[in-house]
Amino acid sequence: MNQRESDFQPTREDRFSFGLWTVGWQGVDVFGTAIRPPMEPAEAVRRLDDLGAYGISFHDNDVFPFGATADSKQEHLAPLRKALDETGLVVPMITTNLFSHPVFRDGAFTNNDRDVRRFALRKTLDNLDLAAELGARTFVAWGGREGAESGAAKDVRAALDRYKEAFDLLGQYVVEQGYGLRFAIEPKPNEPRGDILLPTIGHALAFINGLEHADLVGVNPEVGHEEMASLNYAHGIAQALWHGKLFHLDLNGQSGPRYDQDLRFGAGNARGAFWTVDIVENGGYDGPRHFDFKPPRTEDVDGVWESARGCMRNYLILKAKSAAFRADPEVQQALREARVDQLAVPTLGEGESVESLRAERFDPEEAAARGMGFEKLDQLALEHLYGVRG
Amino acid sequence: MNQRESDFQPTREDRFSFGLWTVGWQGVDVFGTAIRPPMEPAEAVRRLDDLGAYGISFHDNDVFPFGATADSKQEHLAPLRKALDETGLVVPMITTNLFSHPVFRDGAFTNNDRDVRRFALRKTLDNLDLAAELGARTFVAWGGREGAESGAAKDVRAALDRYKEAFDLLGQYVVEQGYGLRFAIEPKPNEPRGDILLPTIGHALAFINGLEHADLVGVNPEVGHEEMASLNYAHGIAQALWHGKLFHLDLNGQSGPRYDQDLRFGAGNARGAFWTVDIVENGGYDGPRHFDFKPPRTEDVDGVWESARGCMRNYLILKAKSAAFRADPEVQQALREARVDQLAVPTLGEGESVESLRAERFDPEEAAARGMGFEKLDQLALEHLYGVRG
Amino acid sequence: MNQRESDFQPTREDRFSFGLWTVGWQGVDVFGTAIRPPMEPAEAVRRLDDLGAYGISFHDNDVFPFGATADSKQEHLAPLRKALDETGLVVPMITTNLFSHPVFRDGAFTNNDRDVRRFALRKTLDNLDLAAELGARTFVAWGGREGAESGAAKDVRAALDRYKEAFDLLGQYVVEQGYGLRFAIEPKPNEPRGDILLPTIGHALAFINGLEHADLVGVNPEVGHEEMASLNYAHGIAQALWHGKLFHLDLNGQSGPRYDQDLRFGAGNARGAFWTVDIVENGGYDGPRHFDFKPPRTEDVDGVWESARGCMRNYLILKAKSAAFRADPEVQQALREARVDQLAVPTLGEGESVESLRAERFDPEEAAARGMGFEKLDQLALEHLYGVRG
Amino acid sequence: MNQRESDFQPTREDRFSFGLWTVGWQGVDVFGTAIRPPMEPAEAVRRLDDLGAYGISFHDNDVFPFGATADSKQEHLAPLRKALDETGLVVPMITTNLFSHPVFRDGAFTNNDRDVRRFALRKTLDNLDLAAELGARTFVAWGGREGAESGAAKDVRAALDRYKEAFDLLGQYVVEQGYGLRFAIEPKPNEPRGDILLPTIGHALAFINGLEHADLVGVNPEVGHEEMASLNYAHGIAQALWHGKLFHLDLNGQSGPRYDQDLRFGAGNARGAFWTVDIVENGGYDGPRHFDFKPPRTEDVDGVWESARGCMRNYLILKAKSAAFRADPEVQQALREARVDQLAVPTLGEGESVESLRAERFDPEEAAARGMGFEKLDQLALEHLYGVRG
């Protein structure tokens, strides 16, 4: 890879977007207080524009306070709108904060308290209106407080009924209003709840199948959330793509099952990041490359921007590597030797019968002796990751 | 709980079944050789009958060798049939070994080698015939070698195409033959492959939705497999039940994300086991209570039977506890105080409109101040588990 | 176990203590704001006295604000002292908050910034004076922010030099002042840092051996912290006892490798809790039974006290079970059959030579055939846990 | 990094060594049978010589069968000796197999059965003689079966007594025989036992401090074993170096807490591998760079050598990267900005008193506002890993 510095400078065509809550994270955690000053949304927009992003996303309460009046909302939105207008940055995704306020202590759409569930729906409906107004195409739903720490507290099947009721209602609303919005459910296995409902990409995909407006609902998988469950993120989004349901994604970094680290993209499982970019670029995903990370508490505001810049740079570096890997003749040879192409061939011939299949002769011992050549292939991939080829 | 010893003696009505490979496990692991002599299937049937089981399950090669001729198969099956006849034990489930022989080094239905995929289908078709002949109702499919250790080796979307092709073909065969069989896919996140396809209950449920004969295919979730991914097993099977897809299950024990321990049921996450039995008993599951465990290598054959006996005993102890918990008036009061019943009430009134929902007044601060009462409720559950109530 | 309700009522003889930060936790986490009002330390003391505790512990800033003047400190301490006097509760342990204020963003004793390290030492010295004044016997040191998220940021060997320098200085100070205090280092693998120094009981024990005042320093292991690293807590404190270093402990609950859950004691790994109490009661530990938990955010203040009450109750229930288990003749027989007693016998005879050892004849195949009888033994233990024996 | 292919060709000066059991692994796992033919030790030596290794290590039973007579041992050793002589490869390390034979079902030095413990000592003594004869400098002790699946089965403190007794006896023997051997204990948290004694680097280091011949005993940490416990391997070996106890090491790859994967070095946590090489090269370790991996079951014999070759190549690639990283002026500047150098400066001045420390003025708010610059520094490291700098 003969790359120059400039090759890793993001442009709008790269379609990088950031949550306002990422660069705006003040660093409050269970063990410590805010470490950075609040960041104005408009300021975030301008800095992200400087860095080469093309869009931002936000929760309602990233911009205006919980419980804000309609006037107050507009007042808080005004400078953001202005910054968007001036920079040309877009808002491809909006989401609702249904987890920070104490009222959501037991969740939102699946809270045991019916009145809280109703309130959560209202808050989301209001936010759908805003999303439509701002031209967002995707509405992410992370049910971070939908879950339980103990077995009797939550009737999971009733909770799924209520979860479905919520998405059916919201889907119906979007259809009736003619909003060009699709929903993307964001799975997470745990934290802040002991166990969260719809804990993985798979659980969310299965749930979506039972919805009234299943066509309007996909997933928004996050690297770290899957890796917290020891799952392979690239495999997960490949399955989501297979189902036609990868509507959005959250890129960041994590070091295996532990607390939700939200490291900058690339700064966790580096090999996983390579295969993530490889499938995102080659698997038919056409949405924003969206970062959901938290600049570590060690950083001041300059460090925040270094961290944001690193997310995009690492994506572009890995994108170049993925392209070089796929174009490398030695890789292509190794892929053939590993019979990766054979997997695309149907196992039965066209119109072949079970009878002809069963009549076939086969020597399992001969077949058993064949090596797959995967180590050679993977070493080539690793050397592309290391940048020591080409 | 005023229980006597005899209350925990299993009977056939309890519908306990065991894989022949469980009590028959000789103890070969990555670091050590066989530690127990082979166990004849017929002997296993007789001993399990003595202990109170009602059924057994097996892989083809638990009974006859890989590559056995039709005659050899019948020869090996004869003593097993005799033992089944004499004891009256049933075979509610059969499964195919598509992972032990070296020919399956890269999997079976999703092996990169097409001829191996075809062979795997033939092996499975033969086994379907046997399953039907023996009156099995469920055909479990654990794709333990379907996966990869490295990113380029497996095209996940192509693999899912082939996986679907396999289940579509097998489903069609079952329909055409008029076999009264249903399939149950067993998810597992990893081991023996670095990452296995369909790694969790959720991924399997989602996959099933895309099959031609989706109605014939459900899941066979195993306690340890979900807990290896830090997932809550009781939550997982509750979601499977919600989808109507809990066709079978594998009960055992595990201590979190680590190697697949296959401890006897109860001897892992004890609290998890309580909630597992609670949902199995109360959630509408009506299949066998099937154990898939491995008596530890420390045990001789006597220890094997102690371990098998413990699986059933622990289930019955927990079943009694679940019943006592649900019947306890103080628990019922605590459930009400925790508003668990409210979750069964639809969030919107019948025929209610979004307009009326949005018109409602609500004080989030007041609602936010309400405690959920979950700690009190869970302490009652824990004291039932500990056997210090009632 | 024929226990009555009253048997599980804690008394001061049980020596239960709680951190003020536990019942006083307001519920701030990474995703949400405070959910409960602040709790006055004096109020906590009175309520814990009502519940049967014998002592409390605290960080300096649990009682007075960061940066408080000497006068302000005394002002804040006054009502706490009064409550202690009135109730008779003691303060067996004190600790310093070196993690909440932004100044500790990169740690305290191992912060890259030398002036912060110096400040951390001063803050700790002040707190040692207070600990001595209040009659505490143990001074816990949790270095929660001592660590790193990335490889180059922290020179681990230099950090250990500084960590040692800090404990050498603090140890010398305690000796010179004649304070009857011992230090207890609290290990944790990660959270809030990506990786924390001295991540497990073992690493802390090894580190202590290199200190100037190694005799004054032991460990304060927390259930959840070890279980976050998939380690067996009972094994860990057994090794700490073997080294004579179990100076204090933190009891709570956790569900394997994930975020630090701080569940109430018993409400996590229930089997682990049984073996924890068994070794604490029988292994020679004579310090406080100290709880370091967080009442879940779902709870209001009533729930906080239910949760605190549950910690003590579960300990007493498990203590009764451990005693019943050890007294059960069938258990004693099973222990003998498992040759657990043989492990206490030295492997060589007194004064035996290597020559005589090597001259011995032995049939490994005969020995290999012996079962260990562990499943039978463990089933008895599990039935004591379940309360279905005796 | 302007590297050519030839820069990553290993030579003997690189001191790469491999266990015979690594390239010789036949692929037996819990779910499958042998997949590759046995490999003659002499053949392994010749192929490793061709690839550029300088040494091999082995368990006694990698070369001769369990229970071999003295004559049989020599017969099996002869071709190995010949191959070593012809190639000039050395045997820097030897270890004893105390885990494969059923007699070790409950461990070796801490087996509940005294006669098995005595047998294990004899087997090890014999192997020490062989190690000395072959000129090995390090004798590794992996107690893979020392542990338990259940709480009552193992008295951990008695087990540690016996473990110490074993190392004291073996150490005394080595001293008396004048063997130039040192022991290296290899920690592992679990697998094949539910919980293994001395589960981490820290636990082993602490244990060693209590031995009679503590100076003769260090650790042999394995990448995957620490990462199975979510621990940072580079941090762990840095602590071992700090204690002067890194006597040997096992390099391989792992993807977090799951089964023991033994991937080739580099093919797991790539970032971790970079920091591992960085500390191995710069931290004062001077022993062999020893690989303990398992070529995946997907591979035939050619794949085995690709995998072995990849281990060495990846080490050399990362070594070049570490050197380039440390030499990069921008990195050096970023290290200074991150005040990494300040951590090497003692916190107190030479001879400084507590009084002068306490008298110092300090503004915590000013200090709290300083960013650490870690993200910038880590991004530089990551770009060196990616090979996109210089």
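The chains carry the letters A, B, C and D, assigned in the order they are written, with residues numbered from 1 in each.
One rule holds in what follows: a contact is a pair of C-beta atoms (placed from the backbone, for glycine too) under 8 Å apart; a residue touches a chain by one contact, two chains touch by 3 or more.
Owing to the predicted nature of the structure, the values given are computational and were not obtained by experimental measurement.
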(message) Using the stated contact rule, I'd like to know whether A-B or B-C comes out ahead in C-beta pair count.
(response) A-B
(request) Call it same or different for chain A and chain C: same when shared residue numbers make up over half of all numbers used at their interface. (result) same
(message) Assuming a repeat means more than half of the contact pairs shared by residue number, which candidate in A-B, B-D or A-D repeats C-D?
(response) A-B
(request) Averaged over CA atoms, how far is the centre of chain B from the centre of chain C? Could you give it in whole Å? (result) 37
(message) Just the number, please: Cα centre separation of chain A and chain B in whole Å.
(response) 30
(message) Among all residues of chain A, which ones touch two or more of the remaining chains?
(response) 35, 101-102, 105-106, 149-150, 153, 189-190, 228, 230, 255-258, 267, 271, 296, 298, 368-370, 372, 374-375, 378
(request) Using the contact definition from the top, classify how the chains connect: line, ring, star, complete or other. (result) complete
(request) Please name which positions on chain B make contact with chain C in the complex. (result) 1, 3, 8, 35, 227, 230, 255-258, 264, 266-271, 295-296, 298-303, 306-307, 309-310, 313-314, 317-318, 321, 368-376, 378-379, 382-383, 385-388
(message) Under the stated contact criterion, what part of chain A meets chain C in this complex?
(response) 27-35, 99-102, 104-106, 144-145, 149-150, 153, 189-192, 194, 228, 255-261, 263, 267, 296-298
(message) For a test of understanding, state which residues of chain B touch chain A in their complex under the given definition.
(response) 66-67, 101-103, 105-106, 109-119, 121-122, 125, 148-162, 165-166, 169, 173, 189-190, 195, 197-207, 209-210, 228-232, 234-236, 238-239, 241-243, 257, 271, 274-275, 278-279, 283, 325, 331, 334-335, 338-340, 342-348, 354, 357-358, 360, 362, 364-365, 367-370, 372, 374-375, 377-378, 380-381
